[in-house]
Amino acid sequence: MATPANNVETLATQEYKYGFVTEIEQETIPRGLNENVVRLISAKKNEPEWLLEWRLKSYRHWLTMEEPKWANVKFDPIDYQAAYYYAAPKSKANRPKSLDEVDPELLKTYEKLGIPLQEQELLSGVAVDAVFDSVSVATTFKEKLAKLGIIFCSFSEAVQEHPELVRKWLGSVVPYTDNFFATLNSAVFSDGSFAYIPKGVRCPMELSTYFRINAKETGQFERTLIVAEEGAYVSYLEGCTAPMRDENQLHAAVVELVALDNATIKYSTVQNWYPGDKEGKGGIYNFVTKRGKCQGVNSKISWTQVETGSAITWKYPGCILQGDNSVGEFYSVAVTNNYQQADTGTKMIHVGKNTRSTIVSKGISAGHGQNSYRGMVKILKNATGARNYSQCDSLLMGDKCGAHTFPYLEVKNPTAQVEHEASTSKIGEDQIFYCRQRGLSTEDAIGMIVNGFCKEVFRELPMEFAVEAQKLLGISLEGSVG
Amino acid sequence: MAIALKESEDFYLKDFREFEDRQAATAPAWLSKLRSEGMQAFAELGFPTTKLEDWKYCNVSPVAGVRFVPAPYELTDKIRKQVKELPFAGLDCTRMVFVNGHYAEELSSVRDLPEGARITNMARALTQEGAVTAHLGRYAKHRRHPFVALNTAFVEDGAFIELPKGVAIEKPIGIIYVSAGGTEPWVAHPRNLVIAAQGSQATVVETYLGIDGGVYFNNAVTEIVAEENAHIDYVKFQDESESAFHVATMLAYAARNAAAVTNSIQLGARLGREEVTTVLDGEGAEAYLYGLYVTNGRQLLDNHTAIDHAQPHCSSREFYKGILDGKSTAVFNGKILVRKDAQKTDSKQSDKNLLLSEDATINTKPQLEIFADDVKCTHGATIGQIDPESIFYLRARGIGLEEARKLLIEAFASEIVDHVKFEPLRKQLKSALLAKMRS
Amino acid sequence: MLLEIKNLHANVGNTEILKGIDLKVGLGEVHAIMGPNGSGKSTLAQVLAGRDVYKVTEGEVLYGGKDLLELDPEFRAREGIFLAFQYPVEIPGVNNTYFLRAALNAARKHRGEEELDAMDFLTHIREKIKLLEMDETLMNRPVNEGFSGGEKKRNEILQMAVLEPKLAIMDETDSGLDIDALRIVASGVNSLRGKERSIIVVTHYQRLLNYIVPDFVHVLSNGRIVKSGSKELALELEEKGYSWLDETVPVSERA
C-alpha cells in the first residue's frame, strides 16, 4: 500500500522550477560599497543632483546603523563589502523603447518564468514591468495606460520623466532613516517600478512587476513607489524568482504606497525567491520594508502576500492609517519548508478616527522550517473608534518545524476595539486518512487541506494569482506530510 | 495548630473550635478529619493577597476585615413570602431551598425521583454512608485554596445529588440559596456535590439570591463528577445583595466521553469571585464553560476559569461575556492547560466585554499552557463599546436612544443564556437577567 | 458473504493489538462489536478502513470475495466501505458541502457514473439533512470545525447516508452523545438498514443497542472475539460488566 509519505515524496523531489541562470552579458560595477559606488550608481542612471544627495545622506546614515538582531531568524554575518551593488544586462546603450528592442535572451527568460511579455501585451489584461537584476527591462501596456493619465514605468524612467512626482513622494512613507535595510536600499537602489494613478481614475487592469535576480553575488535593491490620488483605484501585483545558487544573496527592497482621500491600493505579492536547497544551502535573504500610508480620509490599503520562497524572509508590510475612516488590511500566507526561516507580519498604526484594520496571517511550517508571526497594532491617542481584528493561524507539518507568534498591542485610546485570535494546529495523517476514507486521493486531500487553511488569504488575490499561489503552495509543501 | 493566624483570621479558628465541639457527637470520623484538614490548611494559607498572581486584581481584604458570625437560621413569614415570589419559584421541578445556608425543608420540594436517584441536603447526606464519603473533598483542593479550605473546615449543609447509571432527568434540579442580611454580618459555607454515574444526564441550577440587603458572606464550594458518558448541565446564577460577599469555587470532573457544561451568571455582590475548573480526565470528554458578568457601581466581579486537558481527544469551548458600568471592575482569567499526553485537544476560548462607562475597568487575561504538540487552541478577547452604528440604525427605525442601548446590551447578554438547553429554565433565566439589568 | 475476516493479526509498532480475529458479515446484517476500552475494537475498525499506522501481520480480509488489504483507503471507500470515525477530523477552510460532494463524486466516478453538479447535489442531500435534524448552516461551515461532539457524530451519519455504502462501520458513534442526539443518530442509522447494506456497530455501551438492534453481538477482549451471540448477549454483558469476560479469556492469556 502506498503511504502518503511515499506518494508525496516523488513529487517533492521536483526541483525549484525557476532555478535556471540566463547567460547574458552583464554590466557590473566593482564589488563593495562606498561613496564612490553610490555616486557611480547615480551617474549610471543619469540622476539629478537632489537624488544623489538623498542617496549620499542615506549612505552616511547607514554607516551609523547596526544590523537589527530582534527578528527570530538565524544567519551568518553578511559581508556588505563582498557583494556587487549594481548589475544590468549589457544591451543597447539606452533602455529599449519597445519590446522589439529587448534582448531576445531576456524575453526567453520571462517566457520560461511563465511571463511571456510579448503575449502578455497582446492577450491578458495585465500590464507588466519586468525587472531583471537591478533594472527594468520592459514595461507593457504603457500607452494604453497613458491615455488615462496613469503612469506605469520603471523607477529610473520615472526619475527622468516625472522628477517632480518622485521627489514629492520618495521617502515620504519609508524615510531614509527608517531601518538598516531600508537605509541601505535608499543609498544604492537601482531600479524598480513606479505607478501613479491620477485623481478619480480607476486603473482598468492589474499592474504587475516581475522581479528576477540573475547575476551572481549581487544584491538586489529595488524600490517601488505607488501613488493613488484622490478617488483613484489600483491593484498591483508583484512576483519574484531567482536562480539556484549556493551562496546567499541579499534582497533589500523598499515599497512605498500613498493613498489620498477615498483612494484604494491593493498590493499583492507572490514571493518565490530561491529558498535554498534541502540542506539549507543558498537562497535569498529577503529583507524588505513595505509600508503604505492611508493619508487621506476613507482611503484603503490592502496587502496580500503569499511567501513561499527565500531562505530568510524578514518583512512587515504595514499601514499608517492617518486619514479618518481609513482602512488597512494584511492577508498573508507564509510557508517555510526544509531550512527556510520567516519572520513576517505587519504593523497597523492607527492615527485617524474610526480607522479600521484587519490582519489575517497564516503560517505553514514544514521540514525544519521556522515561521514567526510578528505583528504590531498601535492605536494612538486620537484614534477614537479605531478597530482591529487580528487572526493568526499556524499549521505545522511534521515535528521538526516551529511556529511562533509575537503579537504586540499598544492601545492609547479607550474607545478602541481590538480583537485577537490565534490558533496552532498540525496537519496530520489523520486529516489525510479521513479524506481518503471518504474516497479522495492523497494529493487531493493535501491540496484541499492546505488551500482550506489559506482560503481567507487566497480569496483576496486576483484570480490568476490565486491559481498560481495555490499551485506554488502545493509544490512548496509536497513531501512534508506523512 | 502550629501557625498563628492573623488577628482577622483568628476568630475563624475560635468559631471552628465551637463548631467542632457541637458536631463532635454526630460527625463520623472521616468528616471530622476532613474538617480539621480544612482548618489546618486555612491557618497555613491565610487570606490571599494581591501579590499572588491568581488574586492580582481581586483584593479580598474587605472580606478578611469583617468579623462574621456563623449564619443564623431563622425562617420568618417574611422570608416565606419572599421565597414564593423569587424567580425560579414558579418552575415546576425539584428544588432544594436553603435559607442563610441552612436547608429549609418546608420550602423545598423533592419529588418524582427516578429509581436509584438521590437528591437530599448535605447535612443529611453526611450522616449516611455512601458516595459522599468517597467523593467529598476529592476534587476541590482544600490544601491549596484558602477559601476551599475554609469551606471544608465548616462543611455542614448544601445540596447532594446522585444519579444512578443511565438515568436521565429531564427537568432541572434547583438549588436555591436565599440570603437575608441580619443585624450582624454572617458567613455561610454552602457545599454541593453532584455525582452522575455512567450515561446519566441532568440539568442543575444553583442560585444565590439576596433578599434583605445586609452584609453577609457566602463561601460556596461545588463539586461535580460526570462519570463515563454522563452529561451534566450546570447553571449557576448569582444575584446576592449589593453589600454581600460571594466566593464560589466550582470543580467539574469529566470522565471518558462525558460532558460537563457550566453556565455561570454573576450579577450581584459587592465583591464576587467565582472559579470554575473543569478537568477532562478521559478520552473524548467535553467541557463547555459559559459565563456572564454584569457589574455596576463599585462592584468587583472576578471570574477565574481553568480547563485541564489531561487526556487526548477532549474538546473544550469557553465563552464568557462581561458588561461593565459605573466605576466597577471585572476580571476574567481563563487558563487552559493541555498536558503532555493530551494530544488532539481542541480548545476554544473567548471573552468579550462591553464597557458602558469610561470609569469601568476590565482585566482580561487568557492563559494557555500547552505541553502537547498536536493540539488546536484558539483564544480571543475583545473590549469595546456599544456600536454607535447599531444604535443609530435602531434610532433611525424610531426606537429611542435609551431603549436602543438596552436592546443591544440585552442581545449581547442573551447569547450566553441561550446555551441553557432546557427551555423553560432558559426563559426564566432570561427574564431574571433582564429584570436585574433594567433595575 | 460481504465481509470475511480470517485470523486477522495487527500491530501498532511492536505491540500486537489484534490477535486473530475471525468474523463473517453477510449482506444486510447488523453486527455489534462490544468490549472494554483497549480491547482492539477501534483498531479493527481502522484496519478495515486501511489506516496504515496499524500493520497487518497475519490473516486476511475478503470483501465481496476480493482481498481488501491490498487496496488503498480511498479505493476501499469508493468500493463502498464507510467508517464513521470515533473522533471525526476537522478540516478548516474546507466547506462541508464541498467536501461531501467531492467524496460522492469520487465514488460515482469510480463506478462510472456521472458526477453531480452543485445544484443536483443539494437536492440529493436536503432530505438527509432533515432526517438527521442537522442545522443546515452546518453544511456551509468547514468540515467538523467548531461542531459540538454531537454535531460531529451526526455529520458522520449524514455522510454515510449520502455516500450509501455497502459496508458501514460505526466506531463508537454513540460515545459522548446525550439521549436526544443518540435517538437521532440511531434513527438515521436505522433508516439506512436494508438488504443491500451491512453495518458493523462498534460500541462500548449497551445503551446504543436499545435503539439499533443488532442481528449478532460479538464481544472483543484482548484482541480476540471471545463470545458471539444474539442481541441478548449485550444485555447479559451490561448486567455482568466486562470483568465477567476475564473468566472467558483463556487462562494462559490472563494477566
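First chain written, first letter: the chains are A, B and C, and each begins at residue 1.
By our rule, a residue touches a chain if its C-beta (ideal position, glycine included) is under 8 Å from a C-beta of that chain, and two chains touch if they have at least 3 such contacts.
What you see is a predicted model, and the numbers here were worked out from it, not measured in a lab.
If the chains shown are joined wherever they touch, the resulting network links each chain directly to all the rest.
The chain with its Cα centroid farthest from the Cα centroid of subunit A is B. Averaged C-alpha coordinates give centres for subunit A and subunit C that are 48 Å from one another.
For this pair, subunit B with subunit C, the centres built from the Cα atoms lie 40 Å apart.
Each chain gets one centre point, the mean of its Cα atoms, and the points for subunit A and subunit B are 52 Å apart.
Annotation for subunit C: residues touching 2 or more other chains are 90.
The set of subunit B residues that touch two or more partner chains comprises 344, 376. Annotation for subunit A: residues touching 2 or more other chains are 425, 430. Interface residues of subunit B facing subunit A in the complex, by the touch rule stated above, are 344, 355, 358, 373-385, 388. Note for the complex: subunit C touches subunit B at residues 37, 86-87, 90, 146, 148-149, 172, 175-176, 178-179, 205, 207. Remark: subunit B residues 166, 168, 198-199, 201, 229, 231, 256-259, 284-286, 313, 315, 317, 344, 346, 348, 376 touch subunit C in the complex. For subunit A in complex with subunit C, the residues that touch the partner chain are 1-3, 393, 425, 429-431, 433-442, 444, 448-449, 451-456.
Taken together, the subunit C residues at the contact with subunit A in this complex read 49-53, 70-74, 76-78, 82-83, 85, 88-94, 99-100, 102-103, 106-107, 110, 142, 159, 163.
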